[in-house]
Amino acid sequence: MRVSIIGGSGYAGGELIRYLLFHPEVEITNVVSRSNVDEYVFRIHPNLRGYTELKFSPLNLSAITSTSDLVFTAIPHGTSAELVPKLLETGIKVIDLGADYRLKDPALYPQWYGWKHPHPELLKEAVYGLPELHREEIKAAKLVACPGCMATATILALAPPMKEQIIEPERIIVDAKIGSSGAGNAPTKASHHPERANGVRPYKTVGHRHIPEMEQELASLTDAKLRISFTPHAVPIVRGILATIHTFPNRNLTLPEVWKIYRSMYGQEPFIRLVKDRKGLHQLPDPKVTIGTNFCDIGFEIDSHADRMVILSAIDNLVKGASGQAVQCLNIMLGIDEKTGISAPTIYPV
Amino acid sequence: MRVSIIGGSGYAGGELIRYLLFHPEVEITNVVSRSNVDEYVFRIHPNLRGYTELKFSPLNLSAITSTSDLVFTAIPHGTSAELVPKLLETGIKVIDLGADYRLKDPALYPQWYGWKHPHPELLKEAVYGLPELHREEIKAAKLVACPGCMATATILALAPPMKEQIIEPERIIVDAKIGSSGAGNAPTKASHHPERANGVRPYKTVGHRHIPEMEQELASLTDAKLRISFTPHAVPIVRGILATIHTFPNRNLTLPEVWKIYRSMYGQEPFIRLVKDRKGLHQLPDPKVTIGTNFCDIGFEIDSHADRMVILSAIDNLVKGASGQAVQCLNIMLGIDEKTGISAPTIYPV
Amino acid sequence: MRVSIIGGSGYAGGELIRYLLFHPEVEITNVVSRSNVDEYVFRIHPNLRGYTELKFSPLNLSAITSTSDLVFTAIPHGTSAELVPKLLETGIKVIDLGADYRLKDPALYPQWYGWKHPHPELLKEAVYGLPELHREEIKAAKLVACPGCMATATILALAPPMKEQIIEPERIIVDAKIGSSGAGNAPTKASHHPERANGVRPYKTVGHRHIPEMEQELASLTDAKLRISFTPHAVPIVRGILATIHTFPNRNLTLPEVWKIYRSMYGQEPFIRLVKDRKGLHQLPDPKVTIGTNFCDIGFEIDSHADRMVILSAIDNLVKGASGQAVQCLNIMLGIDEKTGISAPTIYPV
Amino acid sequence: MRVSIIGGSGYAGGELIRYLLFHPEVEITNVVSRSNVDEYVFRIHPNLRGYTELKFSPLNLSAITSTSDLVFTAIPHGTSAELVPKLLETGIKVIDLGADYRLKDPALYPQWYGWKHPHPELLKEAVYGLPELHREEIKAAKLVACPGCMATATILALAPPMKEQIIEPERIIVDAKIGSSGAGNAPTKASHHPERANGVRPYKTVGHRHIPEMEQELASLTDAKLRISFTPHAVPIVRGILATIHTFPNRNLTLPEVWKIYRSMYGQEPFIRLVKDRKGLHQLPDPKVTIGTNFCDIGFEIDSHADRMVILSAIDNLVKGASGQAVQCLNIMLGIDEKTGISAPTIYPV
């Protein structure tokens, strides 16, 4: 399959290129970066030095459509909203890593993103690219909208208890910790090493834009009205998200029951590991152990003192939270083994 | 005042020595460390090289009692329970940095710490060394039990809303992030640099031992039955705690009301800063900005989407969470300016 | 090929297991760890969770020899000196990751390591496992002694100029910076996160044990008497070594000449990248870009002000500095593509 | 003394403000930052929240000259060259933290900085603000040009052996490691957290601009022709410089001789600590132990294997490398205790 990447100079773009260069069913035909035209890809993504002589191209739609069967878009939100329909109308399939086609309800865009969606008719058609919830629709999708990284960690952790309706749906707290690569590769004051190192900085304590997609996906699993309380924190790691999810069971729960609920939903999932061990340093999920992998590690604990259930969910924000998940969707669309090209274990320690 | 420190080789002990060396009203007469007898203090606390020729002494009670008016104990929990009464009976005052005299109810020790308290009669007499709640009692105290670091951050953040009874008392989530110095100076697998760096590790997700002191202190401010849901995380910073506290108001709250509640309780407090700014990178508390200071920085935000109030509380675990607070208590006991010796601003960035 | 690993619980052992689990020509039959007998491998190496149900075995020589064609030993120096001959005499090949068979001159062991070698007759037979210098001998070797991590970075950087005799051989300064994983997985004061973070600590400023192997290998390339000045520093990264090598050319050198010297020696090497770029952030080697790969990245610069040539050499200490290089040797011994199983690019950023 | 700071929003400016706010002989009258006019100082330097209500002013020369006795300039190189004479001609004294008045030979500016000095006549008059070498001249100076951070660490380490002429003067290697705050507070690709973390990046491997001031100052101590080989590295710490200086003695040296040479020059210096211990983790200088202090810690080791002497020199780049040293100069100019306001020990660990 001939594949182009639009937005190849960001961190998610770089990871996509890394995966696709070695994917047995894929040939990369274009890597677009408007700000790096004619530059070697390895100058921006230094890990690829020695692996490819690819250069970045300008955004030339006809060049792309004439040489691609599928396009990945990894560009700032608001920009793929306009670009994607132009690609689709030439018969090309699109996997969008941005937010522009994730929400079903067009009214949510002005509310959460501050702009009106130019192609609301496409929102219904787009498939939310979370294989664990939408595998069948992804198989036949023309447009896949990959989830946000925070949303991936949160939805996967909450889907089983939400489906089983075992927790209070309006008292769900998601306290997330995220690495610096999550904010992209453009230097800012917040990402400046002297500022970012040695601190724990809460940001977007309320109103984070991944909330509506979390609620959309989780609401589809239950009849209950639910609301997500979400607060992220910038921690001094480069990669990884840990979502610590505090929930209140609506009845007495035992650990075996919870195990059963998670196993029954995820027992066959290739990229979900249930991590709740009795020994060792790594008894619960830690994003450190997912770095460079497409895993979502999920664990849980019951707090009998406060009648609480804590759920932990760890991913690599650039892999299961972005490019790895996009390749997982591609594999599903291609009808091949879902793990193709994204199954290697991570190095440890890192 | 002649002061001894028992347990001078740990991180909290080192910070105590640093503060007391320059305290105008204090003369350090003994620094006890059983494992470092006759070693220069600066060999263990290298920041003190050039400042003192003090050496560590063995634990010799008569040597201590004959040369001290007050003793700080910074030793493992369970050990000061036995030692403190011996000091008190000689008329010496004690400021204990450990957990052994923090809880009023003796039954909590077997439940949370796994041992029976050998001197339950002293628990009533001991004053919980949080000046913002117990300043008057500290003035006259013979035995001050300084709060745990996690408890300090949590109690100070929650005291105003708890006192005003504006939040649901059984749906209080404290999600804490703590630096590696919080676990002391003894190397362990969990503190091994290759393991600790680049990760976010949840631990003691339920059942952390600082919970009963949080509940004890907060319960004293309200009639409501309250329960704290507490989960800490090891993050790759050396110093600092951020407590992110998710609460659910029991009525509609406006930001000016919340400001007023915090200002009315803390407006005159020398070591509490309300940090809720509209500009800049540091609009809410970040432990990075408290490193090396005795401040507890507190901020808050109202989440109208989920009817939640987020409270952020940041401290340096070794200062306001341990040694700085102990010196603050000392100053109160001495009847001098509470800020004596602990008022310098931190360096930035660090 | 049936392979056993003796010393499977350390960081190098963990990386070996990771590589060998997916190596097409290898079956792992035993992973020995005396301190973790019967424990799941993934409990110690959490990145392998979900990939293998292997458990650690005790050190049982007959079990190993009856099920192995080749054994990797990754155990403390001094211990493989005794163990290796027992394996060899059963006809098993050995790749030793320790120091015990690296030096040809038995007199160097008492001098640098403080013990007398029990099997000096084997030192001649052992092949120093640096493929770039000893590929032909490795092919037929029964015992391969893999280089130390510091030695690998240093020798590879210096071999071309040493062979061409273009630098002063007694004024060679190697200033190394190494990550915390280099000291192994046993917690110590030096590796304690609060101590290691935020510092740059020189150690073994003189007398480091990798010096004699550097000198042995480089001396074999030249007639000149040479001496290596070597000083390492502990820096707060987990993985990687940067060797900054300051040399003084013995004649005027131009950059094209230096390029030619390195290209002529390394132009065909699969795991050496010459990194000297004119653009971008990564114009010279940085260990960050080698994390998780078997590359040695080498760059250089000529200092016309001080008549100096700086050579930079970066590796991942656990891969090209240990396990990756061991697998490279294995591939050579097997007569297969040298890159088998160790060719994947690293993730970036990490 | 009424003091103004021009360039108050950078990291060095922030540290100056911190020191001067609490300096008993100083009143800050203006803090100039063109990009932050009318902003509270604590919004940019968050550690000062609660300590000052100062705001940044525009650069208004008459406002400054009418309210100042002395001005600190902490502005980009090239800009103080023009500004300083305007201040001096009003009778105000100036302490410049930039490079514009450090070099005595005007020809060095075009060569190393790429611009012609507009006021070469002032270069003779300016005093290089390194108290350990120029204390007497600083006392009477009208214009003090504070050394660069790299130069401070290097010159202080090399002055004693250079003065005693015990090392080869053309084979001096300075291999420096520096934290991210050294590059200032403006975000760049190189300072972007995902890029800076976990790496060791050589930069300016040849031709660094601090070389001419190192050579100027060290040449003044000896008759020998000397040349400095200097290469810095960006390491993932925020504060601190470690200069590892590799030298070749021109005769046999013993450790007691070296001790004597350093003691005789620095025995009375308030801000130099000789750190060469036989026990503990901190036997040699580490910048971690100087964070937030005005110390330069110096240690050394003799390498009998390679006839080398290694000298280690550690400072906080923003304190002894910038603002602390500037205050030290101020104290000398004021004729007061040189340690005034800059004598507190650092916190540890940090």
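For reference, chains read A, B, C and D in written order, and residue numbers begin at 1 within each chain.
We take it that a contact is a pair of C-beta atoms (placed from the backbone, for glycine too) under 8 Å apart; a residue touches a chain by one contact, two chains touch by 3 or more.
Keep in mind the model is a prediction, meaning the values are calculated, not measured.
When the partners of chain A are compared with those of chain B, the chains appearing in both lists are C, D. Put simply, the chain farthest from chain B by mean CA position is C. The centroid of the Cα atoms in chain B and the matching centroid in chain C are 46 Å apart. Here the spacing of chain A and chain C, counted between their Cα centres, is 36 Å. Annotation: 38 Å between the Cα-based centres of chain C and chain D.
Residue positions 11, 181, 189, 194, 197-198, 236-239, 281, 286, 289, 291, 349-350 of chain C each touch two or more of the other chains. Touching chain D in their complex are the following residues of chain C: 170-171, 173, 175, 177, 189-190, 194-195, 197-203, 205-207, 211, 227-231, 233, 235-240, 242, 244, 246, 248, 281, 284-289, 291, 301-308, 310, 312, 314, 349-350. Partner chain A is touched in their complex by these residues of chain D: 11, 179-181, 185-189, 191-194, 196-198, 236-238.
On the side of chain B, the complex with chain D involves touching residues 11, 14-15, 18, 21-22, 39, 43-51, 181, 198, 238-239, 273, 275, 277, 279-282, 286, 289, 291-293, 295, 318-319, 344-350.
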